[in-house]
Structures are given as structure tokens and as C-alpha cells.
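Right after this note come the structures.
Next come two complexes built around chain A: one with chain B, the other with chain C.
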Partner chain A sequence: MTVAIDIQHLNYRYPDAEKPALKDVSLTIAQGEWVAIIGHNGSGKSTLAKNINGLLAPGSGQVTVAGMPLTEENVWKIREKVGIVFQNPDNQFVGATVQDDVAFGLENRAVPRPEMVTRVHDALAQVNMLEFATREPARLSGGQKQRVAIAGIIAQRPDIIILDEATSMLDPAGRAEVLALIQELQAQSKMTVVSITHDVDEAASADRVILLNDGEVVEQGTPAEIFTHGEELLHLGLDVPYPERLKAALRRRGVAMPDRYLDQEGLVKYLWTLHSTM
Partner chain B sequence: MTKLLLGRYLPGDSWVHKLDPRTKLMASFYYIGIIFLANNWQTYLLMFVATMVMVAASKIKLGFFLRGVRPMIWLILFTVMLQVFFTKGGTTYWSWGWLAITQYGLTNGAFIFMRFVLIIFVSTLLTLTTQPLSLADAVESLLKPLRVLHVPVTELALVLQIALRFVPTLMDQTTKIMNAQRARGVDFGTGNLFQQMKAVVPLLIPLFVDSFGIAEDLATAMDARGYQGGDGRTKFRVLQYHQKDIFAGLVMVVLTVSLVFMRA
Partner chain C sequence: MSFTYQAGTPFAGDGLKDITTTIRDGSYTAIIGHTGSGKSTLLQHLNALLKPTAGTVTIGDRVITSETNNKNLKPIRQQVGMVFQFAENQLFEQTVAKDIAFGPENFGVPSAEAEKQAAAMVDLVGLPQAVLEQSPFDLSGGQMRRVAIAGVLAMKPTVLVLDEPTAGLDPAGRNDMMKMFQRLHEKQGMTIVLVTHQMDDVADYADHVLVMDEGHLIKEGTPREIFQSEQWLADHQLGLPKTAAMARDLTKQGFHFDPLPLTTDELADQLAKQIGGGAHD
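So, the complex of A and B:
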């Protein structure tokens, strides 16, 4: 087993923060493994991702990526090995068109232009976005933008891809689209995937699930193992759907709410009838 | 609203569209320069015909160019009036006190009018046939020599490119904030000027805060993708001169020579 990411006793505290964001985190991720990191908001998931490629400098402890310890000299080499897809599809789109955006990372690494052209083409073909090569981002859906972001990363041929809540701002169709793409890519290239997520489906596609709470690793195991821990553990890691949270909040304010599960549309319909009878 | 772009680029594949943006940029400025060489009927006629040929080569309807003149029409008419009333010489057709309409005044007025129209037509032609992004590329390429003077040309070009890229994103954001504020009872577009200006405040502040958030996200993403700034980068987008561009350059030379010989 080749180790892709090795983290030993990592601590991190944001400047001006009272509590540390990560407390003595140790974990090892093998090359080709798909690991999902779950935990509620503020559990330190994204902080962990940013510590892996040096976007944040570890407070103490040792981070080793692809055999290289994370130091100031190695940071750019490590970023070459680790691609991150961020949450907001719009705010990570640098290029003016799809192909310019895919080329951005290659331009930064001074890849010669002829090679850049073939790599951009291949990456766009892999994410099935070739026909959109000259489109502007404003004319793409959220799922398509995330696919472009993924293309931008695979064009750099990294060993590790981190999805930092990459599907959380997408509609269900876009989410499924991006997840299917990652599964396909992982099956083909045996890339290491670290997905930071709230989404049950995304966590379920992983080989291993790591649960973070208050900056500490609480539990890890296969998705099946984690999910059998029952409701409580799930609530600790995966976000309760928004309509359910709104329901609970309304109930606390004394509004009568039905017990059955409501999706967003169902809840809107319910609230609307509630108002019209008043 | 998302389709809005800076300028009024009309996609097309005409001869003018296919020219290198650097050629178009330089030729437009040069052409505007040589319009000032024209000083008699023959030279103005020559420039008028040349402009019309360029307009025809772009395959864009004349209406788009006339629309470019419209916002300037009062400025043009005012300048023409000044010329007509205050230029003395030749036959006097009408006079009243210190105002007079003379032969020279009328010709000068007509020349000034032509000059304005030609300049507007040419600059409209540039923006109608060139994507803002290509223009940014052209500016970068043409300013490259300034790197010797330590002007950060590549960085400025990236800034320009990102600014263009985020125009539609911020427009979207504006629409969202406007709707959110309308739902809270803010009234946009009614009331007197002062009330309208006040209504813009709850729009501008969230937009301002948002754009900082976007900038931070973008900077993180650029960092993660290995952006280290400076000149060590290669370019995906390259500009290349073709035969057309040489031809366009020759046309400019021929026009200049003809103007020099034909002017009074």
C-alpha cells in the first residue's frame, strides 16, 4: 500500500480563534483510496483540507503528501499533486471561457502551449464538456461549472483530488452528475479522492468514512459501519435537511407542524396553506 | 441580464471579425488620427468611402453604427453650431449682431460633423467586431515592451481578464440582492432623485461585502491551482498575425499617402 496522505498529530488554530479548529488529528489515506470526511459545520473538515495542500500552515504536527513533508519549500510541489474542487462553482472559475479556465493551472506551471492544448482537450473530453470549450461561465449550470473545475484539476494530472463540499451548492441533478463523474474518474485512474461532504450519497460512495467533531476524529470505518451507528451519529456528521431544521425551529416558536417528513416543496405548500387560513 | 457584456460585441465571422485584435486596436487609433488630416471635400469623401467599405466588410447593419451616433448627437450639433456661427469668411448669407452664417462657417460645420461621425463609426466598428477579452489580450500584447520599465503587464492583464469574467457574476448577484431587498420593502426606481439614491444604499453595501467574499474565494482557488504570479507562466491564448493583418496595415499606409497628396 502506497501512502498518499499521512497526517500525524496535526493541530491548527485560526488566528484570533478561541478554540483550536483541529485537535491532534492523525490519519493515513492510501493511494487510490476514496475517503469521505463528514462532520457538521465548524467541525474542522475544510480546515483539514486546507492543511493538506498548505493553503493553511499546520500549527504543529506533520503532514506528508505523496512522500513529501509539507514545508515551505515543498508547498508548490505538493499543490501540483493535490487538486481541490471548492464549494462555490462561480468563485473558483478564473478563466473567461471554459478552456481558458482549464488551462489556468497549466499556465501557472509553465506547461508548453502545444502540450497544454492537448491536455485541455483531453481533460474536457474526460468530463464530457468538449462542446462547451468556448462558452463563458455565465452560460453554464452549477453542475457544469463544477465539471469544468474538475477538468482543470485532472489536466494537471494530480495524484489526489479533494472535493471540499463540491456538491453542496448544486441542485440534486447537478450533485448526481458530479458524483457520477468522480466515480468514473476514480475507477479509471485510481486517483485518491478525499471528499468533504454533508451528502449521504457522496459519503456512501467512499471506501472509508472519517467522522470529525469539534476538530477531532471521532470515528472511522466503512460507510456501512458508520451508517449502522444510527441516527445520532448521522446527525453528528451529516447535515439534517434544511426543511427539517426549519420545521424544528418553527415548532419551537409554537407553530403546529406535521410529523411526517416534508421535502422543500412540501414544506412550502404546507406553510402557504397555513398562512391563508389565518 | 446575465448575457450582458461590456461593449456591444456582435458575434460574426466576417473579414473584420477575423482580424487580429491588435491590428484592429492599432488600426482604429491610427485611422482616427488620420481623419484629422482630412481638410477638404476630396479627402473627406475618401475617408467616408473608406469607412463605408470597412463597415460593409464587417457585414454588420448600418443601423448599429447609427445607434452609436445617437447618444452623441447633441454634443455634435452643439459643436457644429459653434463652427457655423463663429467661423468668418467667404460669402455672408445671414447676419445678426455678432452672429453670422458664412460660406466658410457652413463648410467647417459640415467637416466637423463628418469628422465626428467617422470617428464614432470606426470606434463602434472596433467594439462591435472584437470581444472584450480579445481586446484585453491585445492591450497586454501591445504593452509588453513596458515590462522593461517594470510595469506588471501580465498581472494587469490578468486583473482585466478577471474583471471582465466577473461582470455577469456580479450582475446576477445584483439581481438577487435587489429581489431580496424588494421582498423587504425597498422601492427601487420610484420617488425623487434623492429617494432613488437612498434606495441604492441597501443594494450597494451587500454587493460590496459579497464581492470581497468572492475575491477571497477566488484567491484561495488560484493559490490552490498553483498561481504564483509573475512572468514564469505560459499562455494558452496566443495571438498571431496573418496575411489579412498585413493587408489591413497596407490599406492604412495607402490611405495616409493619398490623404497627404489630396489635402489642401
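So, the complex of A and C:
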């Protein structure tokens, strides 16, 4: 396993804050892995993301990205490896057209023009937005805007892409569209994906889910392992997949339900077995 | 009523086409439809921010037509409170109290009185009194949105119009906010009009649903009527509430549901009977 991100005993406190935002966080993310970080608002998710690419400087502890320790000296090299897609699609556009916007990051890195043209073209093709290349970003739908933002990131060929609630301001169609795109990109390029999210469907797509609460890692495991803690998740202000909610409601009515995590298809099958043995 | 954007210019575009409907006093009406279907355009007619190009919109006893003068619309704006998407972007004052008092002061309420009202409003939206003297910009996103809603409620509207009020909030924040609107609806008899993409919220809270598509009102009815046909919804790029989708999958396996369950509890009740667990109750 090649390690993409390694975090050891990370602590962070915002200036003037009473409580630390991150407390002794240690975790390792493998290259090519898709990790979802979940937790309610204020649990430290976004602070963690900003500590990974040096937008915030760790209070104490060690952050290593793509083999490089995060230091003042390395921070620019690390940012070349890590792209972040933020929550609000309207706050991350600088270009007058879609293609200018995708080119912006490359211009900053003085990529030669012929290569820039190819990379912009390829990135827009990958997110399926080529036909919008000369449009104004302001006139796109939310899902389209986030696809352009993602194109701007992948044009820079990062090893790691961080989605900081990148789908939370989109309508269900836009959300599904962006999620499908990430799945496709990850399958093709084996990019490391760190998705910070409230959306259970997005978390369920990950290889591993890390649960943060009050700045601490309280649980990590496969989506199936995490989602069996239904009641606990609800208690932490999180959502659970629908089948877990229905299981809880049936238990309250005296119907015995298995402890293991069942997705919708699994639960339908299980209930059908109960039904047909009556 | 119909509405054309930039009527009489080369940029004219259809917004709403021949809409006829009634939103009843004390109802909880949801407006659904995919992005660009005309939901938000319709919303802006509910307090005369837009005026119909043809036809009439009657709000209380005021009739709004294309001819209506922009003067004297204040009573309507007071009666129908409008909470826009990402309402927290509209906060601007130095303190929460001043921000909430801004609307009433504009309507002639003396400052001292308006700030006293602000204290009652933060209570109503479930924020502690301590926020009153804080800058709204020091609050969390969910709290800022509550302050913006408190500012609308301070106008003492009888109708509350909400354009995707929970977008971008975390699950707990979303749930708290929907419960707050339900409280206003039940305890204060407020009429609620909710534009949403969350079919679960429609199933859980609304008693009447309007479905928009390409500027047309294509269907209206109770949530149960609207969610009856999955194919019809899919044709209009709309989904089912999670409970209804689960009931559909179970029906394919030989379960039978009547009426169509819309909430987890309704589904669990009907299921428990069919698999025998209910016998223990």
C-alpha cells in the first residue's frame, strides 16, 4: 500500500477559540482509496481538510502528504498534489468562460500554452462539459458548475481530490450527477478521494468512512460497519441510510431485525423471507 | 396567470404559463418541480415581487395585475413573509438584534419596540437570547439562517414562503428547521408555502402539493395523490419519498400496501401486520 495522506496526533485550535477544533487526530489514507469523512456541522471535518493542504497550519502533530511532511517549505509542492472542491459553486469561479476558468490553475503554474490547451480540453471532456467550454460559468446549473470546478482540479492532475461538501448545495439531480462523475474518475485514474459530506448516499459510495465528533475520530470502518451504528449516528446529528431507519421502526413494533447492515435490496429480501415463511 | 420575463424585448422568455390555483389559509403547500421548472418564479408572485403579465394574483383581498402600481404593496410584503434560498446572505447589521429589527423599523415600528420584538423572535426560531448582541457573522451557517428567518417573522406575516430553506444544512440542522416551520404552522396557524427538492419533506409535512414543469402547473393534490405514480414522477424528473420507494420495492416481492405509506411509521405499521410482528403489540 502506498500512503497518500498520513496524519499523526494532529491538534488544531482556531485563534480565540475556547475548544480545540481537532484533538489528537491520527489516520492514514491509502493511495487510490475513497474515504468519506462524516460528522455534524462544527465536528472538525473542514478544519481537517484545510490541515491536509496547509490552508491551516497544524497546531501540533504531523501531516504527511504524498510522502512529504507538511512544512512551510513543502506547502506549495503539496498543494500541487491536492485539489479541493468547495461547497458553494458560485464562490470558486474566476474565469469569464468555462475554459478560462479551468485554465486558471494551469496559468498560475506556468504550464506552456499548447499543453494547457490539451489539458483543459481533456479535463472538460472527462467531466462531460466540453460543449460548454465557451459559456459563461454564471449561466450553468449548480451541478454543471461543480463539474467545471472538478475539471479545474483534474486539469492540474492532482493525486488527491478533496470534496468539501461539494454536493450539499445541489439539487438531487445535480448531486447524483457529481457523484457519478467522481465514481467514474476514481475508477479510471485511481485518484485518492477524500469526501467530506453529510450525504449518506455519498458516504455509502466510499471504501471507508471516518466519523468525526467534536474534533475527534470516534469511529472508522466500511460503510456497512459504520451504518450498523444507526442510533448512535442519529444521536451525533447524522443521517442513516433509509433501511436502517425502517429496521429501527420495525424493532419498535416487536419485529426481530438482524444487527448486520442491510442495503435496500438486502432488507427487501430479508422481509420477503419473513413474509413467505408465515 | 401568466408571466413573461422581459416582456416586450428581444430577450422575452416564458416564465409561467396559464396558472390557476388556490393556496388556502392555514394550509401547508409544497411546490415541487426540477430546477428551471418555474417554482421560484411562481414564488415571487406570492408577495408581488413579480406581477403577472396576464391574469390576476389575489393575495388576501388585494388583486395584482400587470397594471398594479408598485406603490402601496407594503401591506402585502408584511402579510407574506419571504425566506429566500441561502437567506443568511442577506444579513448585514452589526448585531443580531439590529438585523431582526430592521424590517419592522422600516415599517414604522419605533427602534426600542422593534428590538424588544427581536428578543421574542430569536426565541421563536430556537436561538438563545445571548446571540442578540452578537454579530450575525460570528454565528454558524445554520444559526445565521435562523436569524434571517427571525427577521422575516418579525414582520408578523400570516403566510411564510420558503424557498429551499434547508439547502446546505447538515441533517440535524435540517430536521430542527423543518420542525420549527411545523411548529409555526400548528401553533400559530401560519400558512406555509415550501419550495423543495426533498420529497421526504413533502411527504412528512405538506398537506397540498403543486407540481411545476416548464412553467406549467401540471398537477396538484395531496402528497399521497402526487406520489401514487412513480412513472409519472420520473417522466417529470421527480423522485419518490424514501418510504414510498421502499414500499414500491416491497410490493414487487408480494407485499401489499393500502393506502400508499408516506412515512417510515406508516410503512412499519403496515409491514408489521403483514409479517406478524404486530401481534405482540
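The definition used in the following text is that the second predicted complex is superposed on the first by the 235 of 278 C-alpha atoms of A that agree within 3 Å, B and C clash if a C-alpha of one lies under 4 Å from a C-alpha of the other, contacts with A are read in each partner's own complex, and residues count from 1 in each chain.
Just so we're on the same page, contacts are C-beta pairs under 8 Å (C-beta built on N, C-alpha and C of every residue); 3 or more make two chains touch, one makes a residue touch a chain.
Note that the structure is a prediction, hence the values are computed from the model and not measured.
In the overlay built on the shared chain, the residue A:Arg245 is in contact with chain C alone; chain B does not reach it.
Of the two partner chains placed by the overlay, only chain C lies in contact with A:Val255; chain B stays clear of it. Look at A:Gly142: by the touch rule set out above, it reaches chain C but stays clear of chain B. Using the contact criterion defined above for the overlaid structures, shared-chain residue A:Ala17 touches neither chain B nor chain C, since it reaches no partner. Within the superposed three-chain model, A:Met169 lies in touch with chain C and out of touch with chain B [touch as defined at top].
In the superposition on chain A, contact of A:Pro112 is made with chain B only, not with chain C. Contact with neither chain B nor chain C is seen for A:Ala224 once the two complexes are overlaid on the shared chain. The contact sets of chain A with chain B and with chain C never meet. On chain C, the positions that touch chain A within their shared complex are 34-36, 140-142, 167-173, 197, 237, 239, 242-243, 245-246, 249-250, 253-255, 264-265, 267-269, 271-272, 274-281. Chain contact summary for the complex, chain B toward chain A: residues 2-3, 133, 161-162, 164-165, 168-169, 172, 213-214, 217-218, 220-228, 232-238. The part of chain A that touches chain C in the complex is made up of residues 40-42, 87, 141-142, 165, 168-169, 171-174, 198, 237-239, 242-243, 245-246, 249-250, 252-256, 264-265, 267-269, 271-272, 274-276, 278. Only residues 50, 53, 55, 76, 79-80, 82-84, 86, 88, 90-97, 99-100, 103-113, 116-117, 120, 136-139, 152-153, 156 of chain A touch chain B when the two sit together in their complex.
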